[in-house]
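By letter and in written order, the chains are A, B, C and D; residue numbering begins at 1 in each of them.
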Amino acid sequence: MSQQADTKGWTREEMAQRLAQDIPNGSYVNLGIGIPELVARFVPQGRMFIYHTENGLLGMGPSPEEGDGDPELINAGKRHVTANPGAAYFHHADSFAMIRGGHLDLSVLGAMQVSQHGDLANWSTGKPDAIPAVGGAMDLVAGVKQVFVITQHCTKSGEPKLVESCSYPLTGRGIVNRIYSDLAVIDVTPEGFRVVELCPGVDFQSVQERTGAPLLPAEQ
Amino acid sequence: MIDKRVVSAAEAVADIADGSSIMIGGFGEAGSPIELIHALIDQGASDLTVISNNTGSGQVGLAALLKERRVSKVICSFPKTLNSTVFPELYREGFTELELVPQGTLAERIRAGGAGVPAFYTPTAVGTPLGEGKESREFDGREYLLEYGLTADYTLIKGLVADIHGNVLYNKTARNFAPIMASAADVTIVQATTVVEPGVIDPETVVTPGIFVDRVLEVAEPAHESELIAAGECYP
Amino acid sequence: MSQQADTKGWTREEMAQRLAQDIPNGSYVNLGIGIPELVARFVPQGRMFIYHTENGLLGMGPSPEEGDGDPELINAGKRHVTANPGAAYFHHADSFAMIRGGHLDLSVLGAMQVSQHGDLANWSTGKPDAIPAVGGAMDLVAGVKQVFVITQHCTKSGEPKLVESCSYPLTGRGIVNRIYSDLAVIDVTPEGFRVVELCPGVDFQSVQERTGAPLLPAEQ
Amino acid sequence: MIDKRVVSAAEAVADIADGSSIMIGGFGEAGSPIELIHALIDQGASDLTVISNNTGSGQVGLAALLKERRVSKVICSFPKTLNSTVFPELYREGFTELELVPQGTLAERIRAGGAGVPAFYTPTAVGTPLGEGKESREFDGREYLLEYGLTADYTLIKGLVADIHGNVLYNKTARNFAPIMASAADVTIVQATTVVEPGVIDPETVVTPGIFVDRVLEVAEPAHESELIAAGECYP
């Protein structure tokens, strides 16, 4: 966290708020576990998003008051949630038909690494003693219309997460559309990473220094 | 802030272009979205591919769309019904092409199209004329055919209750192809007897979740094909 | 019909009643259009069958009183039906998952021809000017655990329907288990047709004369 | 004359043999049929293959079954949860084998198994370690993997309301894998909070039709995994 503080980048909440601004009204959105969950707190004025959780609910609402939770009304992170008016429950095959069939507009995911070709690694370190666990991440990136990654720009030890080529096992190949980090908003383009917007007070060069692949400047 | 209602059947189908593929719900008259089909006749689009279990009866609804020579191809399991004279004539004349698909394979192809499954294997039609020329493969010593997912530009269906987010409930066996067709088209248009606010439909009972629905039209007193035919109606 | 009357065989109702006696309690059954529909009238004492209609109903009940029908509660033959207590409605993909997945115990179908290998032809004459229409017949014979055919032994013009090899286009290959005709109950075995039971007053030889393939006598 | 009730959890699972494959519903604790799993522990069957999204938490329910060394293989998408220590130990030790399947592929394989589809193509996992060595094929210029339908000898699931014909309703996100698992096993066993006569459940709202269910057990006050763990319980 000290690394991030040094660069005076966006907070996690600011990253989430910035991302939410790019979601059109009426979008169907799946939020991954961790920072992506924060996006639900920031619905821009005049818009409404419908949240999908792959364990079987469309129209997921906020967490209930402490103690009000139903152990059988949970999200993909297995936390208690609520259901908004207009919600629907369904089984897993139907839920992943929505995902695989391209019916969701947006998947927001965390990342361990993103390559300049849009490859994503976010499910396994690949270490021999790790217990492999994948959940729905590979389905989400294979089926949802757009994939946004929200992540700290670097690891806690300062290594770049945006790289030429992922060293960790892939979740999907060429599927990330845009990255929201604490330092910048960056598109994955056929030419590679392109800065869309810099965090106020952060300059292009300092982002490039923290990125493991060439950055293209914002288009004018 | 999400309201998928349209004010008229004409608005609902206004953008359907010549050459479009359209899935139309219904098994016989149960679930046939007659008002939407009639609006499509008025709208004028032609050279359509229609995916539907039957080809309509009499000279109303789907049969009327065919009779107006708007449909160049049907993908269908059972194109002859009692009172079905329109399609047989167009088929014999060579105007309307037929792709005959077993009913369960048709349903599964539509479900696969909506679920992002490009192809699957099925035992249905092995060793029959409808299996001829199809790729086949053995699994555990039994032969199966490769069948492909089916999608369309539009789906027209009939519900009983819909909310403005597009969640839909159906009436009895009118459900038939509607939920899977809703999932398999770029634009799904629902006519429902009653349109309600979100929250009226119990989330445990939703049959088609709103994510699959783009436009909702209230048709409070939908016509029934058999009643129109009994009354001697022809459309337009 | 005169042909049938000459042989003093079972009536259609008797054929249906005879077939119903072979259905175990609790069976899930799909009845085809025509003579198969008659089977529903004959539920043996102490048994209960649950009828599936492939257009989306399990627990189909009898026809309603004239004028009481709902045009959206119909069977596969598009006739008004009712729903029994314990019924369930579902969409076509789920309905044919029941069929294809082997969940139905029995499919009862009519026939144009049945071969001694259990091939069934019941959907098309194959005439060039016919409008082809198949419906769910091919799915039923490919997926249901047992297929019983109920049919007049011969066509109206006296041609045998039980044959060495079908001349009409097939519905399915090697899928018929048993045939209930007006003259006999006949199993399809690896050795060919085997008589299980003769209609009272009908002898083996007269059935053989009306059958287009060799008949094996009932096992003692 | 159709009554699928059994009187005890012990009776419900009595015939499960060593070496059986068992689908177990639940996503985390939601929908986990704890009482049936505990009865299976008491019953003693071993060398089981378990198909389930997770591997349980603490030392109750599914985790307890694993801990008793009854499970030689799990087919699973996410075998590590908060408080999940049992499976990791058995996996590292080499006692329990893991077939890791993406969650949506797991669901679709189970659905295919129940629907008589021996295999299908999916875009999920292409280009990843979980796609390595799998047969792949292009459709419309995109690469897909061939995946196989999955069936089991038994399914154990938890419902909210069931009738004696086996129709089932679920509670909220406890529905998850239950309806598809019910369709994919030779014998499906349901525990439900309430068991009712046929006709009580509206046929429009049935989620799992009775054709998929073989045994129904009433468990009026089912335990929740998190509460058992909070109370420090270990089974048996």
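Definition applied: contacts are C-beta pairs under 8 Å (C-beta built on N, C-alpha and C of every residue); 3 or more make two chains touch, one makes a residue touch a chain.
The structure presented is a predicted model; accordingly, all values stated were derived computationally and were not measured.
Common neighbours of chain A and chain B under the contact rule above are D. Two chain pairs, C-D and A-D, are weighed by contacting C-beta pairs, with A-D ahead.
Between chain A and chain C the centroid-to-centroid distance comes to 56 Å (mean Cα coordinates, whole Å).
If you average the CA atoms of chain C and of chain D, the two centres end up 36 Å from each other. Centre to centre, using the average C-alpha position, chain B and chain C are separated by 29 Å.
Contact with two or more other chains is made by residues 108, 111, 115-117, 122-123, 170, 172, 204 of chain D. Across the assembly, chain A contributes 57, 83, 89-90, 93, 96-97, 99-100, 142-143 as residues in contact with two or more other chains. Shown are all chain pairs that touch, namely A-B, A-D, B-C, B-D, C-D.
Within the complex, the chain A residues that touch chain B are 25-26, 28, 46-48, 50, 52, 57-59, 83-90, 93-94, 96-104, 142-143. Across the complex, chain C is touched by residues 27-31, 53, 77-82, 87-88, 91-92, 98, 100-108, 110-111, 122-130, 170-180, 207, 224-227 of chain B.
On the side of chain B, the complex with chain A involves touching residues 1-2, 111, 113-117, 163, 165, 167, 183-184, 197-199, 201, 203-204, 206, 209-212. Residue ranges of chain B in contact with chain D, taken from their complex: 108, 112, 115-123, 139-140, 142, 144, 148, 169-170, 172, 204-205.
Across the interface of their complex, chain D is touched by residues 53-57, 70-74, 78, 83, 89-93, 95-97, 99-100, 119, 124, 126, 129, 131-139, 142-143, 169-174 of chain A.
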